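Sharing a structure with you now.
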């Protein structure tokens, strides 16, 4: 675990204006990230995805981000112009989205979309870009990269689509990858393959990773460190290797949610909730 | 983005700007806006519409014609002179020498005979104008014939008033067509009818250049016209239905003459110094037809009351402003025997007392089928308002022309507000429809206006027939005056106005001629400053 | 809103905005409330609503508002310019244009109202039946719909008006005949998306008849997009009615129908512009009102947008 | 199902309804035949229930009864309805649409003349509508809720709400009468009417073929106002639809993906979002084009534009049923043709619809 801080987040808050009034999606999250793999775990609505998006400045228009500190290296992410953002996004921080069915542009070929990501940040000619893109498709273990390159997103399977997504997001070689539920839309059988590919690439290229998921076990097996979020707060932070040491009842609850094959529990436990956890 | 839109808007604007430069119409061409979509044929043996008649009047010559300002003066055109036999049954015409058709063929008595025979043989709508003199497809070749190249003989079946026969020959069916040319295009013995519907074979001052139905009609001058070539080398008539659009075109100078301006456009162009108006009393009459099948309308008191319930003056001065004069006899002013007294005027009290006498003091409800054009609708609404004052609830049923007409012809109306134009210049044309009804049953074979309104004209039918045989013009006129008085007193018609045609033209247009009927609107004398 | 505060001071808003409604009614009211809030935020939609409400009020209070008898002709005072006596001038028969405008409101309302309640249910019935039964029923009904759709609207309306005879009722019927096919399309599309749903299956298992399914379960699902579409179409209906009036085949005179008024006035548009312009603007404002309202409703009821 | 796929499916379904299920050619032909047959049958029946006497158009009001009766028989109106229809259909199958009473021409000839007038006007109007409408809609969408959005929205809704006959007259009054920017009613100045022999029937092209630039500019100055007025309506429709499709696309995940990639907003909107917007938009444009091609009766009346709408209306009001039936076939064919075209474009634009 490297110690030079890549990303510093202090007291990050994301608030949305809705017809029902203000909704606080993230209510003061703080953490710092080195060249490591950090997991953020929580149920839907816990604010984990909004945390990821806030880092990329992609909060929806009716949302507001405030933070005491939101720094990537020495770049103050809280005060960037659109132009400055474009130098950060893709090139330095990237994000892998949940479902390739929706997150790939349906009317552009896969190749075009990958090349676009690359050429936005690297001044190369079309042939070179194509070459790189095909290499990248190979790197995500796509067997017939030429064909996939010329395909449209709907012509490939979900697992393949997500590999394309990974290729597209990794090709400009960002320093930090945020993976927001990258496998939850996939069949269980391909989930692990895709995760393994992502894990390998991140490791090989020395990238940092924020892995956002609802699946505590999955997160713990790919990450160094885990943040557990509940209703916009970080309720517990622990090393992935020390999950069993979890103290917070919510974390424990999440852990117990998964049925153990060898367990002797006859009933599935119900996740407990207490209002006080949300006070942070 | 904003730049792009602004650029496009500017571009569009700029692109159109230079187009504005507007030339006047050329000096030797006459450009006219006119609702000519009633033209359905160009064959003179079939033409029976206003604009069609005007076309034929300018492109074909007839045997004889009359003076536009005094229709009692009949003069020769193609016929140099004519004789009527003692017994009044044989008419002999001497054909003028040296007239050529547009095709180059010489015009002879044979052409004239053929043209008249053709009318009877084709038996199209206007054929009865000649047919009423006893011509049938079987006998016409004997009764109308060319004795030699310059003599045409016509034998009628009864000793009709000569004026009656001659006036009928001044109508469109009297146009002389080029026999050789027409027969060259004959298909299946149709005497060239299909071809002539859209083509031309005449000797008139103008020739057809091109007719595009519903769009335009263009004519070119016949430079060899025997009575002097027209100064306008081209006449272009554009079909424009909207009166407001005609006004625009005229005021902008895009056209020389607008033919269908209505009261309000006329009021507007009156103040335009570039524009002058030419008006001429036409033969058409505005009237209400009161169906005698209706229980209220069959009451003579009610009919009389209704004649007191039209604001003749108000409508004439405002709605029809300038385009009509009050006229209540069935013969238009200018016709032989026209009765020009107008005994009725708006008198609500009188009408109320008449209604009370009829036992309808509380009024009644009735419908009126009304063409949905601006002036007719406005007239109908004015009538509706005055009738309401006498307690009569008039429901206006608007419809397109053909629609209201279909209902009227089927005798399904209560009241029909209509316009009737004479078919030819003789008084019999109107007498035979307003005062003549030989058979009032639903399946009658003759269906004059009296029949449409289910009015049994009684003795008037016989009197009308008698008038056609009276060879003394003065006596004949007196008979028509008598007929008109009787129809006026008792008939199922509230005759209100006689139409005045107004042509609005640019100040530099001279000598455009409007006649009493559309056959006699002439372009050939037009000059431009 | 004061009624609401008097009903229950502390809790109505909470009750409405509760995340955990206790009854169907509460859930429904809650959704309606949220919709209303969203709707009121849309200023343009509120303008539209005010215009439509204004139209209704004018219709109701016409006899009180109109300064003159809308039918009283006075040929001596025809086409007077706007002035103190006649705010919007007089028409070609000397009738007060303002009064005719005010009385004319009811015809406009009648047209859109009657077309909506004839065309929408017809379209709904055809569309749901086609979508629900599928197969040859669908093929037949949709073919008929296509045939009607392939006709030019105004011409079809014209033909029907000619065939039925002129008059406001027939104009309304004719417009309804031309208006239903798109509704059938919409209803069919909606029906197809829901007919295989679990809740329909569940209802079917409970023994609900086909008719019951269509009326009780499928039709309600189509309602919101249909309501939006109908509202948006109302402007078009007003314009078609005006077009028929312009061609002289709409309302019967002396009915002060706005389209007919424009048509009357078009003969003197160039000089006496107000005669045609005033009712023209009235048509414009009211159809704009319906459009704004429909637009706002769509944002609330049918966030997917589309046509 | 997500909104986007659902919409696309609906759109495709719509296209398919016309062209028949992607299946055998036979089936398509059959369903087309049924549609045309239905169109003709309905039109024919309308014609026969019209309370307008078709004979009147042929002989006029004052023809004697015997002429009337003879013409009625010649027109075949004394036969039973089914027989009349059968005769008509069998003639149509042989390509004979009969003769128009009003114009004394074969209906086919008339349509060859009037349809290009409408085609020219509709095409130019749609072109203007697309060129201005799409950017306006995009512009509104990316400024959602701000004043540019409101402006575009109000302008668009105003287009929906304007009585076209009134707008046309006002347009003439202002741009022709007062400002002198454009020419008046008609396709050419009246004087030029017979200077041009129709080759394509499209005045703008015919004048260019003749090589007479004066005539060309004259034609342009005549078409620009009616085309702009019609364009306003299609612009309103296209802008409005573009806006709502755009808003929908901008909320899609792939837009977020593009943002994550650091792509410029410009490219996101014009390449990514618009690329997807074009898919449903094609149907919208086609629909609006088809509507214009059916002939805008009111515009054609006001601008004395001898187009299809005017032709059908006029024929209808005179019960000239051969002309009405012929016109209806054209309208139906146009409707189906444009829908097929939009189906083809749809397949070109949306790879998911390709096979």
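Order as written gives the chain letters A, B, C and D; numbering starts at 1 within each chain.
The rule is short, and it goes like this: contacts are C-beta pairs under 8 Å (C-beta built on N, C-alpha and C of every residue); 3 or more make two chains touch, one makes a residue touch a chain.
Treat the numbers as computed from the prediction; the structure is a model and nothing was measured.
Set side by side, A-D and B-D show the greater C-beta contact count at B-D.
Among the other chains, the CA centroid farthest from that of subunit D is the one of A.
Core chain by CA centroid proximity to the global CA centroid: D. Centre-to-centre separation between subunit A and subunit D, using Cα means, comes to 50 Å. Averaging Cα coordinates per chain places subunit B and subunit D 38 Å apart. Taking each chain's centre as the mean of its C-alpha atoms, subunit A lies 87 Å from subunit B.
If you average the CA atoms of subunit B and of subunit C, the two centres end up 46 Å from each other.
Shown for subunit B are the residues that touch two or more other chains, namely 242, 244, 248, 400, 403.
Taken residue by residue, subunit A touches two or more other chains at no position, since every residue touches fewer. Multi-chain contact residues of subunit C (touching two or more other chains) are listed as 162, 165, 247, 266, 269-270. Taken in their complex, subunit C has these residues touching subunit B: 71-73, 75-76, 78-79, 92-93, 162, 165-167, 247-249, 252-254, 264, 266-272.
The touching residues of subunit B, counted against subunit D in their complex, run 1-2, 4-5, 8-9, 12-13, 15-20, 22, 25-26, 29, 31-33, 37, 40-42, 48-49, 123-128, 131, 197-198, 209-210, 212-216, 218, 236, 238-242, 244-245, 248-249, 251-252, 254-255, 400-403, 405-407, 409-410, 423, 444-447. Within the complex formed with subunit A, the subunit D residues making contact are 2, 4, 252-254, 256-265, 267, 271-272, 275-276, 279, 349-352. Contact residues of subunit B toward subunit C in the complex are 242-244, 247-248, 262, 264-265, 267-268, 311, 314-315, 318-319, 370, 372-374, 377-378, 380-382, 384-385, 395-400, 403. Residue ranges of subunit A in contact with subunit D, taken from their complex: 56, 58, 82, 85-91, 94-95, 97-99, 102-109, 116-117, 120-121, 152, 154-155, 165, 168-169, 172.
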